Amino acid sequence: MVKAAIVGAAGYTGAELTRLLAGHPHFQLQAVTSSADAGRRVSDLYPALTGVDLVFTEPNAEALAASIDVAFLAVPHTAAMALAPTLLKAGVAVIDLSADFRLREAAIFESWYGVAHAAPELLSDAVYGLPELWRDRLLGARLVACPGCYPTATVLAAAPALAARLTTGGTVIADAKSGVSGAGRTPGAGTHYCTVNEAVAPYKVGTHRHTPEIAQALQDIVGAPVRVMFTPTLVPMTRGLLSTVYLEAAEGVTAERVWTAYAEHYRGEPFVTVHPLGVMPSTAEVRGGNRVHIGVALDAAAGVIVAVAAIDNLVKGASGQAVQCANIAFGLEETAGLAAFGPVV
Amino acid sequence: MVKAAIVGAAGYTGAELTRLLAGHPHFQLQAVTSSADAGRRVSDLYPALTGVDLVFTEPNAEALAASIDVAFLAVPHTAAMALAPTLLKAGVAVIDLSADFRLREAAIFESWYGVAHAAPELLSDAVYGLPELWRDRLLGARLVACPGCYPTATVLAAAPALAARLTTGGTVIADAKSGVSGAGRTPGAGTHYCTVNEAVAPYKVGTHRHTPEIAQALQDIVGAPVRVMFTPTLVPMTRGLLSTVYLEAAEGVTAERVWTAYAEHYRGEPFVTVHPLGVMPSTAEVRGGNRVHIGVALDAAAGVIVAVAAIDNLVKGASGQAVQCANIAFGLEETAGLAAFGPVV
Amino acid sequence: MVKAAIVGAAGYTGAELTRLLAGHPHFQLQAVTSSADAGRRVSDLYPALTGVDLVFTEPNAEALAASIDVAFLAVPHTAAMALAPTLLKAGVAVIDLSADFRLREAAIFESWYGVAHAAPELLSDAVYGLPELWRDRLLGARLVACPGCYPTATVLAAAPALAARLTTGGTVIADAKSGVSGAGRTPGAGTHYCTVNEAVAPYKVGTHRHTPEIAQALQDIVGAPVRVMFTPTLVPMTRGLLSTVYLEAAEGVTAERVWTAYAEHYRGEPFVTVHPLGVMPSTAEVRGGNRVHIGVALDAAAGVIVAVAAIDNLVKGASGQAVQCANIAFGLEETAGLAAFGPVV
Amino acid sequence: MVKAAIVGAAGYTGAELTRLLAGHPHFQLQAVTSSADAGRRVSDLYPALTGVDLVFTEPNAEALAASIDVAFLAVPHTAAMALAPTLLKAGVAVIDLSADFRLREAAIFESWYGVAHAAPELLSDAVYGLPELWRDRLLGARLVACPGCYPTATVLAAAPALAARLTTGGTVIADAKSGVSGAGRTPGAGTHYCTVNEAVAPYKVGTHRHTPEIAQALQDIVGAPVRVMFTPTLVPMTRGLLSTVYLEAAEGVTAERVWTAYAEHYRGEPFVTVHPLGVMPSTAEVRGGNRVHIGVALDAAAGVIVAVAAIDNLVKGASGQAVQCANIAFGLEETAGLAAFGPVV
């Protein structure tokens, strides 16, 4: 068994990681940390995890380093880059769910996050954890930067069309809709039930921090800078994220060519389903699972390819993908510990 | 008092019209018709309308024609064009909430709706009922074609940028999100609570029948054909519709110019609010009212203007706008019978 | 016009009062106060109230006293009893939505609320504002204690059966379900969307502070102490409150006698509807309105009368009832400013 | 591997059974039947079950009998009693999720369901499948009648207090709240999103068919007839069922004695958690899992014990409990194939 800890286990992604790792056949969950909740049982905070026999402890990088093989960091940005160097030096692999190691250039990180990067020397070692696109890099990786929830859906939706050169060089527009759990567990006016219920509301239009991450990934695919317009929208549901991506179609592209590009790109992927042409996914299909369901269409009159990806933001968009990456990094079966399908409604 | 009837009063838009007209200071609701529910009291079907002392009757154009001044048609498409000629001939004004008189060209109607138009001679008389853009035409109108819910939000969002020539001639992309009441009252797999709840799902991407209606209205604004890519998405809420419109910014356009164009375009409009630059509306703000709340942003790096309009699909997107149009057509105060504001949560 | 102010106007009940009074034909809203939001426009906090041209001010009893005829207190308990004496002394009528003047005995208040009562001398002057049961007392009242949301539904559900002596002296059991707006606008773990959504959860079983208020009202009806078992339950919706009341049926009571008692008790009430025997109300029927819909059934085999009342907790359960009481107190039409019916879905 | 089939696999309980059995270590799912959907892939109907490589077939008792060891019947009542005799005769064990074999007396079945029982001779062989109360009877059982969702929660909530003689003989009142999936997959006015959303509504008060089933189970516990008043209430969520049970406390009972009775009664149960005294469960805690979370309180002043049980209606209330019963009947580990915990939000 690989000995694991979750740092920042009291938030939603940390708790979801706890659920996945507590039932994982190859990882053994040794510790779950939370400054705010140290001393409390996991099931006191999350009665859904009744049966998980663990108590939150104070996070302590040195103590952890001595007892585990891998640390999953489910902490806010800046906290991860403070912890990672100590852990890595001690030989502990780091699966980071924060934003700290996603952007390769410290300057871009600093301009979007407004703080200096504390460990820029690690940025070139970090592997961006999107297995469906860059699986090989994850084998044996010691520092994995798990993608944000919006980039996961958006990049997986856009990639095949870009890779197959079905588009012009025009701006990629991503209109993404997310459930409220993406905003985290800390209460605020914006996550109050009465604010969110019966409300659809875009926010941070063109200014959301996931924008440069999407741009970097798309640039890696096409080999040139890609202009990205990204609009996140909050919708009244707990889980689920759907990104509708609009791409200018290159001359002569047909709907069938679009569909074929997607089907071939994701052939054999254990967690990806490409729906028949014109059939669009619903977030309900992937709730609770590590899946990505994709639908594509071509509006020939408008000259636009529409690619839609649906994920569960807490699973494929965060904790499930982290486990998937850790499975690969440690040479385990990629699907280990990740349920094949979720509840039917 | 102007004597009014609602034909097709048992559906959601018909019932919402009933609510509005029953409390209207100048319209007197003489009859509400419904084939399926003839003989039942309105409050049996809609306990929320307890106090409305009306019984559904069989629709009969001749009988209605003899007793009313105006008919609101809240019927499915094709039913309205069957009724309108008789009513108009008898001197009854027609406020049509169906799609039958929205498209000026019968050929376009027929290609999108798959049926021949039964009253093509009336198409040129019909006035498209979007008061904020074409108020003058509504004065004294005898046949008003009320816009669809998606076109109302989308066209109001796009109009100022197009009118002020802030955009290139590129494709206008509208990504709209609607609550479930837009699908009507008839039960089906797609409106089952367990299908819709916790689900966000695009449908009819590029093929929705509101597409040509949006294109016609935008063409009227710019004076030339406009390419439109329209994606409707169902979200888990009862009411509310938000359209996020992406427009390619013309060279040199600034965010301030965008905002000013919107503020000026809608200055003095009783039902429109333009939020400060970058502040986006939520559907919750307009629930239950006849309002449109609009937010705009410019993503200069991506070269895209984003304009977002939020409405209540059953009010400004249907029944409220019908009343607003009827008020204008009959020379009444435009806001009569339309509550100034809705519930705060 | 009667000059009015709302003290504590930034919370949900205060904002809903603002909506109602801003459109009221006889009250003129002079001031809305909020310590936390002084200086901000009402519509900045509540975009749904766009058009209300008011700015929150600091609450100041003396200043208010000089300029208004009536103060609506939408403040937390203890704040109202600090303000009321000054206002009353200055000749300002007080419509209090807090708990401070609901219980007639200071000792009971103190044992349930854990603080001494600051104005016990006013308790005997306060009129409990449930017009359907004690309308006469409200005429000319200067200090109205508006009932809590749970007591409003529960007492109106139980009253006719108790008044008609259809029950034994056994414990009255009230199982009430409330939407989240009842918990107020302050964010917390318990009102986070992800806590509430898809969750039904009883709380404060047998210990909720509305229990003694229900007991006092029922005692007033039967003329003897009544044992009350009260269970509030949070359900995933914004508005709405439904109280299911179980009463031990007296020997020989029939379903028809039960129904007749309810129908007669509420005959002519402008805001109450008694459904046919066995037909139960839904909270959706009363959303946004000041109505109470009541359903009754007798389970003869079990010997239990079931009476169910549905209200909108923010309207009939708070702000609407406050306006209804103020209308009566000031000799206005009882229904003034209160919409006859709400949205149909 | 035990060869299994699901008859009626296209409904919600059938699909949830498919999910559970497709991942079960000891049952091998050979066939899933559905008359309406024969020929379609399971994942076409339920995209969440992508990866389940099965096609719906026509139900045929003889063909099934030849190829399987156990049949799970997820069919409407009357369909199960038509199928069971043939299957049993052929040596196939039957796990019935319908109501057909729950009531021991054909006369009671006939009076509540309005049809004659087609296989009354099997009623005495059927084992009521509530393992926590009658586990021993399930060992080797050939015909299991799985409890209804409401009886599962209600009986598990009431049992310890009744068994420990903490109550008088008074009427047991159960006020239960259920999510919409309990109403099944067939669309209707009552399950339309716009009917259910923001709506809490009791139905079939005192007349629901689960009433005699609850009464029978409680009678088995106390050894004498028990009067039951049962009120089901629909709440706006997909999954989850919470039953709040009110029991008249016997003289001298203390809160501690109540809690201890529950803790001892369910000690060691793999799927039951008894919360600390006064802590009430939420349906959210058990979503997606086969768990029962129970909370108890005593209102000494009112003389009432309140016991609350929360379950997922489709899992512990239906398909999960069916698998649990089948595990026991076939001598497998009771928890096999049933996930230890569900999603954290």
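Every chain is named by a letter (A, B, C and D) in the order it is written, and numbering of its residues begins at 1.
Assume a residue touches a chain if its C-beta (ideal position, glycine included) is under 8 Å from a C-beta of that chain, and two chains touch if they have at least 3 such contacts.
Because the structure is a prediction, the values reported are computed rather than measured.
By number of C-beta pairs in contact, A-D leads over the other of A-C and A-D. Interface matching across A-B, B-D or B-C places the copy of C-D, with more than half of contact pairs shared by residue number, at A-B.
If you average the CA atoms of chain A and of chain C, the two centres end up 46 Å from each other. Inter-chain centre distance (chain A to chain D, centres taken as mean C-alpha positions): 36 Å.
Shared interface positions of chain B, defined as residues touching 2 or more other chains, are 12, 181, 194-195, 197-198, 236-239, 281-282, 284, 287, 345.
Those residues of chain D that touch chain A in the complex are listed here as 12, 15-16, 18-19, 22-23, 46-52, 181, 198, 238-239, 273, 275, 281-282, 284-289, 291, 293, 314, 339-345. Interface residues of chain B facing chain D in the complex, by the touch rule stated above, are 12, 180-181, 185, 187-189, 191-198, 236-238.
Within the complex formed with chain A, the residues of chain B that make contact are 171, 173, 175, 177, 179, 194-195, 197-203, 205-207, 227-229, 231, 233, 235-240, 242, 244, 246, 248, 278, 280-284, 287, 295, 297-299, 301-304, 306, 308, 310, 345.
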